[in-house]
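Read the structure below first, then the notes.
First chain written, first letter: the chains are A, B, C and D, and each begins at residue 1.
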Amino acid sequence: MCQSISDKDMAKKYLQIVDPIHDFITVYPHELQLIDSPVFQRLRRIRQLAGAHLVYPGAQHSRFEHSLGTMHIAGQAANVLKDKGYLDANDSENIRMAALLHDIGHGPFSHLFEEVLQKKKKNSHEDIGKKLILESEIGDIIKKSGFDKVFLGNLAFGNSKYQFMNEIISGGLSADMMDYLLRDGYFTGAEHAKVDFMRIIHSLDVHDKKLSLDKSALLSFESMMISRYQMFKAVYFHKTVRSAEVMLIQSMVLADSELDLTTDDIKKYVQMTDEFVISKLVSLEPKNEELRRARQLAVEYQERKLLKCVYEKIFTRPRMGKVNVKDLQDEIAKRSKIDKCEVFIDISKTPSIPLAPSKKESQSIILTTKKGEGPKESYELPISEIPLVSAISGFMDILRVYTRQQFRKKVEIAANVILGENSQ
Amino acid sequence: MCQSISDKDMAKKYLQIVDPIHDFITVYPHELQLIDSPVFQRLRRIRQLAGAHLVYPGAQHSRFEHSLGTMHIAGQAANVLKDKGYLDANDSENIRMAALLHDIGHGPFSHLFEEVLQKKKKNSHEDIGKKLILESEIGDIIKKSGFDKVFLGNLAFGNSKYQFMNEIISGGLSADMMDYLLRDGYFTGAEHAKVDFMRIIHSLDVHDKKLSLDKSALLSFESMMISRYQMFKAVYFHKTVRSAEVMLIQSMVLADSELDLTTDDIKKYVQMTDEFVISKLVSLEPKNEELRRARQLAVEYQERKLLKCVYEKIFTRPRMGKVNVKDLQDEIAKRSKIDKCEVFIDISKTPSIPLAPSKKESQSIILTTKKGEGPKESYELPISEIPLVSAISGFMDILRVYTRQQFRKKVEIAANVILGENSQ
Amino acid sequence: MCQSISDKDMAKKYLQIVDPIHDFITVYPHELQLIDSPVFQRLRRIRQLAGAHLVYPGAQHSRFEHSLGTMHIAGQAANVLKDKGYLDANDSENIRMAALLHDIGHGPFSHLFEEVLQKKKKNSHEDIGKKLILESEIGDIIKKSGFDKVFLGNLAFGNSKYQFMNEIISGGLSADMMDYLLRDGYFTGAEHAKVDFMRIIHSLDVHDKKLSLDKSALLSFESMMISRYQMFKAVYFHKTVRSAEVMLIQSMVLADSELDLTTDDIKKYVQMTDEFVISKLVSLEPKNEELRRARQLAVEYQERKLLKCVYEKIFTRPRMGKVNVKDLQDEIAKRSKIDKCEVFIDISKTPSIPLAPSKKESQSIILTTKKGEGPKESYELPISEIPLVSAISGFMDILRVYTRQQFRKKVEIAANVILGENSQ
Amino acid sequence: MCQSISDKDMAKKYLQIVDPIHDFITVYPHELQLIDSPVFQRLRRIRQLAGAHLVYPGAQHSRFEHSLGTMHIAGQAANVLKDKGYLDANDSENIRMAALLHDIGHGPFSHLFEEVLQKKKKNSHEDIGKKLILESEIGDIIKKSGFDKVFLGNLAFGNSKYQFMNEIISGGLSADMMDYLLRDGYFTGAEHAKVDFMRIIHSLDVHDKKLSLDKSALLSFESMMISRYQMFKAVYFHKTVRSAEVMLIQSMVLADSELDLTTDDIKKYVQMTDEFVISKLVSLEPKNEELRRARQLAVEYQERKLLKCVYEKIFTRPRMGKVNVKDLQDEIAKRSKIDKCEVFIDISKTPSIPLAPSKKESQSIILTTKKGEGPKESYELPISEIPLVSAISGFMDILRVYTRQQFRKKVEIAANVILGENSQ
C-alpha cells in the first residue's frame, strides 16, 4: 500500500491499494474509515468462493478484495455518468460507498450461508447488510463523514429510488458482476472471464432513468454474458465444487440449533468467519445423530473427502419444473435401500442474464446510439435478438444427486430409474 | 480439477489441477495420496505470506498451492536432466515428491512461526518437516507407494548426497524460488516477478555433480535475481508488512507459555493453522501482563491497527554488524521515557543470492557452454562478474524501529539520536 | 533467437525462436533449411491480416510468424497422439513440416489475393502452395532431408489419406486456427481470442480414423468457437477493415491485366509481397480509366482515405441467398444516379464451424469419454447440441455497400430502398 | 477503431484506437488530422526495430503505433501535472501533439538510418522532424488547428524553454521511453520490459522547473531502468540483430551516392520507407564494386544470410575509449589477409540512464517527498545511490567484429590477437 499525496489546493490524502485486477485502487479517507472497521475487516476472512478452492486451489480470495474492486469499478462508472451530466460529485461518492458495502452482510462462506439462511427462513445477507449499515458502527462512520445512511442502505442493495444508480451496483451491467467475473477468473486460473469492462463502462449512458449502453459496446456486453455463463459452468456450478458446498451447507443446517449460526444477534453474526465456523463444526460434541453427522461432514470437507456425484441433469429449455427435494431424496433412498441422510440433492439455478436490482429477470437491454449530427436515440433490444446471449437464455438449471463413495453404485441406479436420462 | 485418462499401455490415471501460474499441474496417484492426507491439506490454511495480505489484499494464497507449483517446476527440471542423461525416471519421481513436501513442516504464518521457533530455540520447520516425513502418516504413504522415506526426508530439505538434486529443491536455481517469485508476484499484484523459468529450466545442466546453467540463459538468471531483490523490497520486507508481522511474532512469543505453540508434540503441531492460532490469541484470558499484551497485539493485528515505523536504516555495504536487540530496545525506551514493551526492533536480512542447500551463501554460479563442434565446457562465474547481481550482493539488511501511534514522536527522536541517519 | 544444444547421445542441434504467443518455438535443422529459403522468408513481408492494421494498428504481424506458430502447435498435437499410440516419430515430423508449409502459397495480402484469384478464376493459394512444394527449391530441401514431398504436398493442405492427420493441419480442431486466433487477438489487441489450446491439444484422440476430443474439453472447444465468432465480428469482418480490403481487391483486379498479378509464373509469383504490390499500384501510369482508378484506390488506401459503409445487413438465419453482385451494383448506381464504379458491394461469409479439410461444413464433433474402468467410448455430438456454438451455426453472412464520402447520402438512400432494412 | 461520442455540452467527437499496450488510445479531431496526413501515415511502413524481426519474428511493429502510444502516455503525464496545478489544458494539448510528432522525422529503418545520416554528416532525424513540422503539410495542419508550430517544433524534440515539459517527451522519465520499452517487449516477446508506468506517471511532480518523482515511486523507476538495460542486452544490441543491421547500414552507405538516400529534398525523403529502400537496394545495377556490394548485402539481408560475429568485447567500467574504426578494420583485414570490405566493425553504446533532452547524460534524479503535515520537499538523488541503476551506470559499450561465414576462422584469430580477450 503506497501512500501518495496530491495537493493542488489543500492536502487531499488518499491511499492507493495494490490489486492484481485493477493495479491500484484509490481509497479516500472516509472510505478508509469504513474499510478499517472490524466489521469490514472481517470480510478478509470470508472467501469469495466458499469451497471452490478445493477444486481450484488458487481461489483463496475474499469478499474484502472484491468489495474494494467493486467500489473501484462503480466509481469509474459513476465518473463516466458524471462527465455525461447525469450525476454530480456527491452522487459519485455515494455510489462508491454503496458499492464498497454491497457485501457487508455476507456470512461465512458467502453464498453458501445464504442457502442456510433460506432453508432456515431467515433474513438474506442483504437484509443483514442493511441492518449493519443502519445500526452498527458502519452507520456511525457514514454519518460522521456527512453521508446519509438510510440512502446508502438502500443504494447498496439496489433499492434506492434512482434506478440507474441501483443498476451500477447490481444487475447485468453492474460493477459487482464485472469485478467478480474478472477476479474469480484470475484467482481460480479458469481464465474464462475476459471482460472488457473499460469499454463497457465508457459506453454507459442513461435513458428514461435506466442505465443504457452505447450500441458500439454491444459485442463487449455479449462477451461478458458469455464469460459469465462459462464461469458458472466451469466454476460456480462445477460438480466437485458443489459437492464440497453441499457438505458444508448440510453440516451448517444440522448444527444450527446447537451453534445458533443463523442468529439474529448482529454482534454474534459478525464474529463468524469461514475458519471460525469450520473450527466450531469439526469440534462439535456428537450429542445426537444430527450433530454427529454435522461434524462428520465438516471433517470430511476439511480433509477433502468429498461426496460423489452419481447423477446430473442439465436443463436448458424448458427450464426445470418445481422439484420437491425431500420427496425426491426419500424416493431415491428407498429404492437404493440406504438411509436418506446419505442421499444429497443439489439444485443449481441462475438466470442467463443477471437479475436486475428489482430481482426480476431482464428480458432486454437498452441501447443508445447516435447517427450523424442528430441527437442520441435509445431503444430496448430484447435479449432474444443477441444471438449468443439468447442461446443461453432461459434458466440454466442443474439437478444433481450426490452420495458417499460406498453407496455410489446403488444411488446411481436408483437416480437413473427415477429421474431418467443422465447428462453426466 | 479435470480428470483425463491417457492409456497407451495400461490405464495410468492422473489428475490435472488448474493453477493460475502453471495453467495445469499434473498429479500422479501416489502424489495425490500425499496431497489428500490431512497433514498436507492443512497447508491450505497456512498463508504463503503471513501478514502481507494486510498490505496486498490479494496475497491470500497458501503453502498448498505453492507446494504443488514447486513440484511442477521441479518435475520439469528433472525431465530436462533426464533427457540430458543425468537422471532416470525414478530419480525424477523422487524429486517431484521431495519438492511437494519441502514445506510440509511449516507452522502457522509460515516464516513468522520460524522466527518464533528461533527465539524459543526450537527446531526449524525443516527439522519438523523431516520428522513428519519419517514419523507421520506421510511416511506411511511414501512407503506404501514404494519410495524410500529416509531418502525423501533428506532430499526435501537439500541434504541428500546428490548435490545437483538438492539444488533443484533449494538454492539459487531451485524450483522453490521460481515458484514463489512467480506466485507471490501474481497474487500480491506487485508483478515485479517476471521469471523466465522455462528458459532457465531448459538450460540446466550438471557439472562435477553440481547444477550448472547454460551460458545462453545467464541474462534470464540475472533477471530472476533482480526480481527476487525487488520482491524483497516491495513485499517481503515492506515496512507495513513487517509491522503486521512484528506484531504477530511478538504476540506468539508472549503467549507461547500459555498456548504451547512451540510444542514438540507433532500431533498438536499439525493442528495449528493461521486462523486457529489467531482465534486462540484474540481470546486469551489476560491472566497476566504478558497475556494481556499478547491478546492486544493479536486483536490490533486482526483489526489492522498496525504499529508505526519511526526509523529505518538500510545497510548495503558494509553489511549490518551484530545488533543486540534487547539493549537497543532498552536504550530507546529509556531515552524516550516509555515502557520498553512499546519499542519494537525489527531486523530483516537476506543474502543477495539465495542460500545454497548447504546454507552457505553462494559466491558463484557454474556456467556451461559449447563452442562449435567441441565438447561442452563448464566454469565457475563469480557473482561479482554479473553486474546487476553483484550490485545487490553482500547482505541486504534493514533495521527498523516500530511503536504505537501515541509514542511516535518520542521514539522517532530517540531512535535518530541513538542510531544516526534515518534512511526513511 | 537463442541457440541451445542438448547432447544426450549425439549432438542434436536445434534453435529456439522467441515468440510472444508460444514463448519459444523449437526449430530443428531440416525445418530451418525450409525457413531460411527465400520462398519462405518472403512470408515475413506478407501481413497476416492484410488491411486490418489500418483499424488495429498493432496488426502488422506476418504469415511468417503464424507459420512457425502453426508448426509449434501441430507438433504438440502430434506428440499427444504419439503418446497415445496413434503416430510414430516420423509422422510427427511430417505433421510439423506440413504445418510449417500450409501457407507457403499465399500471395500478397493473404486472403485478399485469394479473392482476386477467385475473381480471375485462377488457382487457389493451396494449389500454388502445392506447386511450390513439388516444383521449387522447397521440394528440393524436403527431398534432401529425406522426406516425401508428394505426401507433404498433400498433408499441408489437408488432402493426405490420413484423415486425422489432415485435421491437425486444417479444420475445427486445427493448429492453424488455434494459432491464428491467439496471434491475431494478441497483435490486434482485440483480445477476444482466449483459446485454451493446451487443454484442447491434450484432449485430442482418434476415433475411426478421425480426430476426436475428450469430452472433458468440450467447454474449451465451445470457448474457442466463440472466440472465433468474436474475431470475425470484431476484426476479420469489421466494417472499416473490409472497406480497406475492398479497395485493395478492386485495385488489384483493375490492374491485373497491366501488372499480371495473377501470373502462372511461379518465379514471378514469389516476388510479390504486400509492399511490392502496393508500390506497383500507386505508381501505375494512368493509361486508361481502369488503371487510373486502380491507382487512385491504392493511393487512397495507402493514405487511409477509406470508402464509407452506407448499408449493412447481417444474415443469421436463414442464410443469405445467392446475390448477383453486378446486378445489385448496377441497380444501386442507377437509382442513386452515380457511376457504378463508385458503388462497392462486399459480401463476407464464414461457416460457424471452420471447414473440415474436405471443405464440407462440419455438422458435428466426435467426443471420446471413459467411464469408470471400462474402455474408451466415442460418439458424434451434433453441433446443434452445443448451445453456444449452435447459436452461431448456419452461415454468418454480411452484405455491405460502400461508396466514396461525397456519394454517401445518395447511395445510402438507394441501398435502403433496394435492400430493405439496414442492420447498421 | 470504435467511435464513441460523448456529448456533455456540445458534441465533442473523438476516436478510440485499439492498441495492445494501452487498450484504447483516445484521439481528438485535430490530432486525427495530423495522423491522417500521408507524412504521418508513412510511419506505418517504418519498423520500430529495423532488423530485429529477423531474430524476434514478432517485432514487425512500426513507428506509427509507437507515436500514438507516446502521445497517450504523454497525455496522461500532462493530466497528472495539470491536476497538480503545473499545467493548463492548452499545455496538455501541446504536449500530446509534440509527443505524437516526436518521431515524424525518422527515415527508413529508424535508428539505422540515423547511423547512415551520421556517417554522411547529415542532419539528424530530429532536425528533419523539425523541418517537417515547420515546412510541410504537418505545419499547415498544426496552424489550422490553432496551435503554434514553432513551439511544437521545439517541444517535440525537447528544446522548448519549459524544461519539465521537454522531459515528458524525452529523457529518463519520458513517455517515449515508457512506450517503447513496453511495446518492444510486447512485440518481440522478450518480455523483459515490465514498466509500471502508471505508478511512475502518477508520481510525477515539478521541482525548480524540472520534472521530479515522488519518492514512493523510486522502486518503479529502478525497475524501469533495469528493464531498459535488459532490452538493450536482449534486443537492441543483440549480436544477431546487430549483424542484420550492420549489413543494412553498410548497404545504404555504399548505395547512397547512387540512390541519394540522404537527400535534402524533404519530399523525396518522406517517400522512403523500409520496403521501398530495400527494393531499391536489391535491384541496384552493379555498375561498380560499391554498388555490387551494396546489392549483395541487401539481398543477403532479405534472405537472412547474416554476417557472423567472431569477436565481442563488453566494456562496463572503464568505458570504451575512442576507437578508430577504419584503422581497426584495416589492421584486422591485413592480419587475416582478406579484403577489408569483409571486416565489419560494430560499436554499440548507450548511457545507462537515457539522455536528458539536453543530450547530457543524467547523473541524478529529483525526488519529491512529503513528511507528515509539512510541505513537499525535493532533493537530487545521485544515480550512484540507487544500487541497481548505479551498477549499470557508466556507458555500456560493446565492440564487435563481424565477417562472412567463409572468413570466420581467420578473422576470429586476427581480432583476438589485436583486441585481446573476447567476452563472447
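Operating definition for what follows: contacts are C-beta pairs under 8 Å (C-beta built on N, C-alpha and C of every residue); 3 or more make two chains touch, one makes a residue touch a chain.
Please read these numbers as outputs of a predicted model, since none were measured by experiment.
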| item | value |
| --- | --- |
| Centroid-based (C-alpha) most distant chain relative to chain B | C |
| C-D compared against B-C, more contacting pairs | C-D |
| Distance from chain C to chain A - Cα centre to Cα centre, in angstrom | 41 |
| Chain centre separation in whole Å, for chain D relative to chain C (CA means) | 34 |
| Centroid distance [mean C-alpha coordinates] between chain C and chain B, Å | 48 |
| Of all residues in chain A, the ones touching two or more other chains | 23, 191 |
| Partner chain B, residues of chain D touching it in the complex | 191-192, 194, 196, 219, 222-223, 226, 229-230, 233-234, 316, 387-388, 390-392 |
| In the complex, chain D residues that touch chain C | 1, 17-21, 23, 36, 38, 41, 44-45, 53, 55-58, 60-62, 64-65, 68, 186-191, 240, 273-276, 279, 302-305 |
| Chain D-facing residues of chain A, complex | 2-8, 11, 16, 23-24, 83-85, 198-199, 202-203, 214, 216, 370, 373, 376 |
